[in-house]
Amino acid sequence: MDSQKLLQLWSTTGLANFEWGQLLMIAVGLLLLYLAIARRFEPLLLLPIGFGAILSNIPIAGIADDNGLLGYLYQIGIETGIFPLLIFMGVGALTDFGALIAMPMTLILGAAAQFGIFFTLIGALLLNFIPGFEFTLADAAAIGIIGGADGPTAIFLASRLAPDLLGAIAVAAYSYMALVPIIQPPIMRLLTTEAERKVKMSQLRHVSRLEKIIFPLTVLLLCTIFLPTSAPLIGMLTFGNLLRESGVVDRLSKAAQNEIINIVTIFLGLAVGSKLQAEKFLTLETLGILLLGMTAFAVGTAAGLLMGKVMHRLSKGKINPLIGAAGVSAVPMAARVVNKVGLESDHHNFLLMHAMGPNVAGVIGSAVAAGILLAIVGG
Amino acid sequence: MTVTELLLEGVQLMILGMGTVFLFLGTLIAVITLISRLLHRFDSPPIPTAAETEDPLLPAVVAAAVAQYRRDHPHPTTRR
Amino acid sequence: MDSQKLLQLWSTTGLANFEWGQLLMIAVGLLLLYLAIARRFEPLLLLPIGFGAILSNIPIAGIADDNGLLGYLYQIGIETGIFPLLIFMGVGALTDFGALIAMPMTLILGAAAQFGIFFTLIGALLLNFIPGFEFTLADAAAIGIIGGADGPTAIFLASRLAPDLLGAIAVAAYSYMALVPIIQPPIMRLLTTEAERKVKMSQLRHVSRLEKIIFPLTVLLLCTIFLPTSAPLIGMLTFGNLLRESGVVDRLSKAAQNEIINIVTIFLGLAVGSKLQAEKFLTLETLGILLLGMTAFAVGTAAGLLMGKVMHRLSKGKINPLIGAAGVSAVPMAARVVNKVGLESDHHNFLLMHAMGPNVAGVIGSAVAAGILLAIVGG
Amino acid sequence: MTVTELLLEGVQLMILGMGTVFLFLGTLIAVITLISRLLHRFDSPPIPTAAETEDPLLPAVVAAAVAQYRRDHPHPTTRR
Amino acid sequence: MDSQKLLQLWSTTGLANFEWGQLLMIAVGLLLLYLAIARRFEPLLLLPIGFGAILSNIPIAGIADDNGLLGYLYQIGIETGIFPLLIFMGVGALTDFGALIAMPMTLILGAAAQFGIFFTLIGALLLNFIPGFEFTLADAAAIGIIGGADGPTAIFLASRLAPDLLGAIAVAAYSYMALVPIIQPPIMRLLTTEAERKVKMSQLRHVSRLEKIIFPLTVLLLCTIFLPTSAPLIGMLTFGNLLRESGVVDRLSKAAQNEIINIVTIFLGLAVGSKLQAEKFLTLETLGILLLGMTAFAVGTAAGLLMGKVMHRLSKGKINPLIGAAGVSAVPMAARVVNKVGLESDHHNFLLMHAMGPNVAGVIGSAVAAGILLAIVGG
Amino acid sequence: MTVTELLLEGVQLMILGMGTVFLFLGTLIAVITLISRLLHRFDSPPIPTAAETEDPLLPAVVAAAVAQYRRDHPHPTTRR
């Protein structure tokens, strides 16, 4: 037997090539799988991302390399921005903006909650005082967008402003979105009084089909006039929504809601996983990003709640401030959390529908914020 | 750029950013409200509903299948 | 507050960057959306094209640029010819050629109606006498194909022969296809007598499964022998049809009929929309193309009807000349128009099935015509 | 090339083009008719119908599921 | 009439350009279609491959050229390895490994049957003694993998090691997989006794959901440790299986089992067909490959059966050696053949479930073998 | 490389290859068996079943639709 051949085979085993970082990242991948499967934390994204993390850290195989499967997916779908934009189209096709149209004032709540984005941006810059951190303004903006609580927006912006941080930002965004039921309730209880939480809101008015058709066009035209840099995101969101509401292209609407979003979700998750390669992910920056991401969600929630309290006053008690927390987006998790916390105070107070208004407003809000960051930082 | 200068940039960005977000969504409130009022003044024109949507090719195909079926299964002459 | 930042933000607004052409094209996009949604003019294509037109004309955003989403879709799917060919595969999988096989003589009607293509080609060249028009032979051929009344064929040919005119040609093709119920009836009534329109045709014979399987292969082999330049189009049409008729690959046939055609339709529409950028679309040529497209449909319809009258004579009155109008293709709209006009003359005269023969023959006919144009002009 | 020359080219293209279209579809008529006659002379061979089509993987998967189910839910001994 | 134009048109006909090889390959394509449709030989792959073969051999059209549809599909999906890997993901999502987990010893049968791969590799090298054959070690390895009886694995490996032989290898792999019901039974009857074939096996134990979730991860981790070069294949297979078994991402699991695998199957088949161009396919090598492929299946089957007999002895008659034949994979055809042959000896002996163990083990086995070949030959 | 040398390479590859395949799948047998035993020692933790899976967006959408429907179709006051 030729011992040279044996040596060659040995040299291609994982055993002979492992680095500690890769082992650690495979463990991280397994942890994400555990969270996705056993704890059901955003499984649609965290399962593919977790699996992608494992695949990317297999030595020799080069699956995340430029000519490996995950590398190709990254180049095709994320470098180009195609995947997050197609997901956004699907989100548009899946979203009923009726609650928002019935109660447009809730857009203010969706605006307020974006404060989490800019607060975190400042936080990232503050970290630069600690030796080892050297976040640029673009890095900080990409990190801040975690506070938008919207996966595709975060991936789209990070791929433009700070591709090296994309893995950590995507993982933080989806993980904290999954943690919304844990992060939000204490803040909600802290910032609102029992009386406020008991406020029942009046039933939403009927929204006609024509209003629902005009809505996405209105949003797109405003975006065209005021903030074209957010047009790719807002454009695909409103396109998906128009497919849905127009009622004349059911075939296409269903394709956007099912085939396209499902296929792209698999590929997007795997491609994001390709950015969890040990040498890129195991850095001090990642630690900072995970920390800041948590803050982002907490601050966004608080900002939404405080604006909710203002509106509670201004409306003479007609608005339950809890629905402000849904303004961070994280659709529909945050709206459900609002509903649950509301029910704790009054077993007959169903806030789900009222929370859907700020909830979907938050999606638009963070896409707008992303547009501003692109306009000023990405220039 | 020093960290302090960066921070200053960041704060400006925050003010501009939140300002724009509120402006944008605020304008959206105004426009949505306006449109709703306009629409409710005139009764909304009757747009055909989704149920009427049809596949551009399917009907012909179905018709073809039906016709084919009829030809292949001639029904007995109806008496009454 | 740093006024420089404000200026920078202002300089990225639509307000500061709009050109009149873009505004006009956004209005055109909105018009297409109106036609698609409120008037149901070919909504499956005109809705994505219209939305794509709006997206392409948003200043700053660059969505139709080489590295914008619509630009990518155009490069991936239209420059390569992949999208129209996949649509053609889907059309093949959706089409039952039974009526044509039962009544092969109707192929003559599908041939005659292609006269609209060549007449329009001459028309485009004639426009060159007007100062401002400078259509090459390739341009004229691409414009002529509008008379084929077949979207994917028009897009495929235009992308090969005259990519700069593709936007106008696609818009004209789909718009006039949508207008078939308005364009055709007057011509039909003008060129046929009441007696002719009342002709009842005999029931179609039964077509066996084996005949349906052999048919696409026959068409492909003829195309291979006589006109290989039309093989990409005819090839994918017959491939899709064989998936359908073989009966052994239901999974694939359904994928071609649904997932693939739906997904590609969305992308194709958006990509075509990217050619509706103001600076490319708002030209004298576009005006000429829109005018010629209308002629193309009218002449094609007339040619089909006249050939129908010839066959009416030759068959000693067995053939209703109305079915000649279906030869332009525009499947299945034209066949339905024939049925409707036939019913006007005799409430018991259902011509739908007999019109399906020339109707699908028209699809093959225009693919053949496209092959000839590619062979002689594209060489 | 002058416009007139172009037009001449166009007219030639029209003649050639319509000629080929008619030739192609005409030949197709002949071939289809011929094939139909041939097929009807011999009774067409029995090709299995679409209904029999099956997924190459599904049956095994289904069988596996059924077997698993049977194992997990042992039925009471049938008496009769 | 300008006779030059006529000549130009004539020069673009198939009649003026055919070469004998192309005619022959079109006949081969028609034969594959016949086998797929009338004989139901692996129609999901052989129909697209056969049609692709016809399209690729149409003169002038250039459909398989670098900028033709089939050429693009080949570059996008096969040169990159993306298509076979996505098919493998779908196979994972479609496969229930329960039988294997319940009876892990059957993995030995799946290992033994891979002997067909290496035997064929030697056979390919032996052919080099015949003048005209000049197979390199890489060629021989790619040919050997036909014995793995697994289409995507064969295509993946061939695209890496011997792209010029890919067409012949893929055609051989799928054709012989289709011939499994004809190739295997005589060998099974020859190598086993009537008594052995009558052995009834005990019912499989229940496999819990948790075991099914841990299984793909276990396989992936072993692959990571011992044989990373097989990680792309094993990785996507186990990813698909985890989508299935996790139970938390039904949307994605169904997309992998349906939309993705169906769409990719169409494209993969057409792209493989592009390698059946006459000048590449009509060679002495192809003849050798078709011959060797047959051997590969026969030897693999025999090796599985012999190992089955060994296990029959060692288990004191508890194991029916027939199930060894299923170790070649060719899922689920080989398992069904085992069941059928078993039923011939005893009308109450259902071996299907027991044969599924070695059957799916064979899939893993040949992916492992592919990894070794890549590690040593592809280095 | 002569054909004989190639063959020698091939034979080595066969030995190495079959060896690795058996080693790999053999180890897999050991690990699967081990895991099964471990899992059966402790009763497997209750993982929620597939039936509970839900679409992240759908419930909200459905809820919205239901609410909308209720508003549009106010039910007659329930007496009992």
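As written, the chains take the letters A, B, C, D, E and F, and residue 1 is the first residue of each chain.
Keep this in mind: a contact is a pair of C-beta atoms (placed from the backbone, for glycine too) under 8 Å apart; a residue touches a chain by one contact, two chains touch by 3 or more.
Note that the structure is predicted; figures quoted are calculated from it, not measured.
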Item to check | Partner chains that subunit B and subunit C have in common | outcome: A
Checklist entry - Shared touching chains for subunit A and subunit E? => result C, F
Next on the checklist: Along the graph of touching chains, what's the shortest path length in steps from subunit D to subunit E?
Outcome noted: 1
Next on the checklist: Quick check: superposing subunit B onto subunit F on C-alpha atoms, how many degrees is the rotation, to the nearest 5?
Outcome noted: 120
Item to check | Centroid spacing, where centroids are CA-atom means, of subunit C and subunit E in whole angstrom | outcome: 40
Checklist entry - What whole-Å value do you get for the distance between subunit B and subunit D if each is reduced to the mean of its CA atoms? => result 36
Item to check | Distance between chain centroids, defined by C-alpha means - subunit E, subunit F (Å) | outcome: 23
Next on the checklist: Can you pull out the residues of subunit A that are in contact with at least two other chains?
Outcome noted: 5, 9, 37, 40, 44, 213, 223, 226-227, 247-249, 251, 259, 372, 376
Checklist entry - Among the residues of subunit D, which ones contact at least 2 other chains? => result 13, 16, 20, 45, 47-48
Checklist outcome for this item: Listed by label, touching pairs are A-B, A-C, A-E, A-F, B-C, C-D, C-E, D-E, E-F
Next on the checklist: Using the touch definition from the top, list the residues of subunit C that touch subunit D in their complex.
Outcome noted: 101, 104-105, 107-108, 110-111, 114-115, 117-119, 121-122, 125-126, 128-129, 137, 140-141, 208-211, 213-215, 218-219, 222-223, 226-227, 247-251, 361, 364-365, 368-369, 372-373, 376-377
Next on the checklist: If we count contacts the way the header does, which residues on subunit D are in touch with subunit E in the complex?
Outcome noted: 12-13, 15-16, 20, 45, 47-48, 56-61, 63-65, 67-68, 71-72
Next on the checklist: Quick check on the complex: what are the subunit A residues that touch subunit C?
Outcome noted: 80-82, 85, 213, 217, 220-221, 223-229, 231-232, 235-236, 239, 242-243, 246-249, 251-252, 254-256, 259-260, 372, 375-376, 379
Item to check | Interfacial residue positions of subunit C with respect to subunit B in the complex | outcome: 1-2, 5-6, 9, 37-38, 40, 42, 44, 91, 94-96, 98-99, 203-207, 331-333, 335-336, 352-353, 356, 359
Item to check | Interface residues, subunit B side, partner subunit A - complex | outcome: 3, 6-7, 9-11, 13-14, 16-18, 20-29, 31-33, 35-36, 39, 44-45, 47-50, 53, 55
